[in-house]
Amino acid sequence: SQDFDIRGRVHMDAFIGLNNADDFQNGFNNRRARLGVNGQVIENWDGRIEVDFADGGVSPNDFRLRRRFSDGSRLWIGQYKVPQGLNELTSSNNITFIERATNSNMIADSRRMGLAYERFGRALGFKSMIFGRALGQRGDITGDMPLGGAFRGVFAPEIGSGRLHIGGSVVYESLMDQTIIGFSDRPEARDSGGGKSLIGLQINTPDLEGSFKSGLELALMHGPLSLEAEYLMVNVLMDEGDSPLFHGWHVQSNYVLTGESRAYSSGGFGTITPQNGRALEIAARFSHMNLNDSGYMGGKQSNLTLALNCYLASNLRFMANVIFVDISTRGNGTGDRTPVIGVLRSQFHF
Amino acid sequence: SQDFDIRGRVHMDAFIGLNNADDFQNGFNNRRARLGVNGQVIENWDGRIEVDFADGGVSPNDFRLRRRFSDGSRLWIGQYKVPQGLNELTSSNNITFIERATNSNMIADSRRMGLAYERFGRALGFKSMIFGRALGQRGDITGDMPLGGAFRGVFAPEIGSGRLHIGGSVVYESLMDQTIIGFSDRPEARDSGGGKSLIGLQINTPDLEGSFKSGLELALMHGPLSLEAEYLMVNVLMDEGDSPLFHGWHVQSNYVLTGESRAYSSGGFGTITPQNGRALEIAARFSHMNLNDSGYMGGKQSNLTLALNCYLASNLRFMANVIFVDISTRGNGTGDRTPVIGVLRSQFHF
Amino acid sequence: SQDFDIRGRVHMDAFIGLNNADDFQNGFNNRRARLGVNGQVIENWDGRIEVDFADGGVSPNDFRLRRRFSDGSRLWIGQYKVPQGLNELTSSNNITFIERATNSNMIADSRRMGLAYERFGRALGFKSMIFGRALGQRGDITGDMPLGGAFRGVFAPEIGSGRLHIGGSVVYESLMDQTIIGFSDRPEARDSGGGKSLIGLQINTPDLEGSFKSGLELALMHGPLSLEAEYLMVNVLMDEGDSPLFHGWHVQSNYVLTGESRAYSSGGFGTITPQNGRALEIAARFSHMNLNDSGYMGGKQSNLTLALNCYLASNLRFMANVIFVDISTRGNGTGDRTPVIGVLRSQFHF
């Protein structure tokens, strides 16, 4: 019984519209408040349940069972993240900016139920998954559940005292009996109302067949410096008519002023552990998402984000972001928007 | 404080309609995902809170306080199961088939708030309870809460190296100000949409007074073999007019191929603990429920279920069921149905 | 990780209308069922998450991070109680009566998100807070979140073997873009339906600016005897027109028949720890709330409550209350009410 440990995280934000921010509600927001357990069921089998109670709601996170084989590979059963996207697969405890990049939010799937198999060696690794619907989507599904397959491969050799990361992923999903697919994103910030999307579209037609997504990841770490870039695209597949293709990318650079390095393992980033009581990190990111194609006009979003992070421990940090947003070419007749947003976060986990 | 332990369970299913299964949604389903704590408050007093987050919903399970007396008897305060029905009272971690038998689902009450007193000796035991509404039913109750009383007695002598179990129960409930009572059940399987009932009825009249339920239980265990049979009936009590009586039964047989026995204690079944790394169990069940009486035509359901269970530990198992369903004589004008259903489960608890 | 402990509480009630109680639903009620964790994040920083699943619902309680400085003062970040009101700030595990006094329920704020700073010395202490909306209020807020400030000071010298407590608090809140404010309360008891308010009013006008609340607290402890009195008022601030002022007060006296004393620390009451297996306490409270002013007629409520509490441990007690309620001068045309109510509680926490 008690090889299980409690786990949890609290991410508390304050949103401040700095300029052209009439679309948003200033104030506090509880971004994440998770409680769960994690532990060994029997030798080589571990399990996890984690629920997010952010702002008094309920959303299920990892509900999973996992087997480790003698060669280090692992079989996953239950709900967890679809293997696509370096930014998506980095834990919310460890992402550099307060929100993930818009291309990641918009295209990479989050958690789904299914079966996965992964194997990560010294420099090469992969994870593949067969997945269905997400937990909590029961009421939204018509007829049979969507069914998809995903594959992500990573090549991450050490280079001197640094490391290179190259990743690629493909995801195909049949939507089965569903006739709706949608994409939208907030400007990489959630306001006190929980977030407002400025770009987005919904495709609603019986011609809808599924989607094909692919991604490319590149990262370079050397001491306190790291660089990260990611490209993601989604091709909405139709039985008849045009199959629109939407895509986005982001580039970012982090520098830890106090000299520490970001942790890295199994194809993803970890956090920073301060060596002298406190670590300071600065970072900048440019992200872009284009939701316009084949007559669909969801809009374009480009964000420049500047970040200052203060780590008191690997599990306790304070964050400040300023986000310069540029929204254009939305098909709904509303004009362009250029809000400037500030967000503060205090965050701990255990 | 820390005489309390965390507890939880995850039951993950995959539903596959094998034949005549157009009524159902193929796909994954999260049947249970519970988190809770259990422990000693002070000497002789223990408490429990457990919440089910299955598929992202919230439903309360045991919320209780319990006192153990020096003679081994116990007083229960809070919410827990009404003492009726061998199948209902067997934990969902330990039931042989993926779902309980239809007579049990349809007639036996699940958890209610109230007071109970139990005493189980070597071969004789009983539990009695005064109960009201269930947790979470607040909004469904009109006027005063329903009030009921239950009594279950068990005679379970050891016979050689085996055991006999004979049980009987009666439950009376006054519905007080309520004017609606309903009965329905799924075909002993939940699809990806959370489950669809093929038989059912609702009685809605101010003449409604309450219900009287009784049950008979019979089980026999001998080494790897166990037999189990249960009869349950409910008499809906009316101030005026006919008082319909609905009833159902099931019989089942389990055989553990690897030789282990099912655990048994305090009037109910436990699980199987593999002696050599892995236990394999086969089982068959026939169940029947008749919801037709006195002009009410809820329908009849007969299910034959074949099961194969693989236990890697007492708290980790994989299950496969095939269910041959026969639905007939429904009064709503819809015809008969004979779906064949497959369900797979992976399950752990701690 | 595992400097975190689980915590929780279960408060189970039975409501019985004794006289003139047609407004209420007799039966059981689950008043609180909380699960959470509390612990040290790193040295001098502690965190807490706690969620209430009472009756199957979900409501967030403390979600917070706290820093202790070397002088004993503390900085709070997240959601927790606004510092106003002795009765409100006494934990629900430790309040003498089954519900708090009506003036406390009606006027003192409960939990809000914000920043607070507190310092409590031997006899003098204070806590101040800047606060916004509560967790879970996302959907109820129009435009920018309300913003408030609170200050509470306490003077609590030891006098011989006893203690005096004098407290005062002020809270100002700007409602920003909100145009509604409401006040209502149950008769210091929750029925099986979760509670029914007999007095209340709602003010809905764009003239609404905010509110100013102030409170005075007085308590005296000497051995098994304690006296407690509290006055609270709220002035609803309007840009134009009358700014109504509502107010209420309560006085109460506790006597522990078995001789123990109520615990006290940091400006609030703790519980009673039985010295010989069981402590018995009797108490009486008179409370009054006046919701009539400036043409607003929410009604008046006066309650006399008699209590008998039995403590088996500091974290396990049974409570019985009889409440004589007097409701009058409601502006909605309904007449006066004088229900007499009985409530029983069993309660444990860990």
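First chain written, first letter: the chains are A, B and C, and each begins at residue 1.
The rule we apply is simple: contacts are C-beta pairs under 8 Å (C-beta built on N, C-alpha and C of every residue); 3 or more make two chains touch, one makes a residue touch a chain.
What you see is a predicted model; the values in this text were computed from it and never measured.
When subunit A is fitted to subunit B on its Cα atoms, the angle of the rotation, on a 0 to 180 scale and to the nearest 5, is 120 degrees. Interface note: subunit A and subunit C, two copies of one sequence, contact each other through mostly non-matching residue numbers (shared numbers fall below half of all numbers used). Centroids built from CA atoms put subunit C at 40 Å from subunit A. Residues of subunit A in contact with at least two other chains: 6, 35, 58.
On subunit B, the positions that touch subunit A within their shared complex are 5-8, 10, 12, 25-30, 33-35, 53, 55-58, 192-194, 312-313, 315-316, 346, 348, 350. By the touch rule above, subunit B contacts subunit C in their complex via residues 1-4, 6, 35-37, 39, 41-42, 45, 47, 49, 51, 58-60, 63-65, 77-79, 113-114, 132-133, 135-136, 138-139, 141, 143-145, 147.
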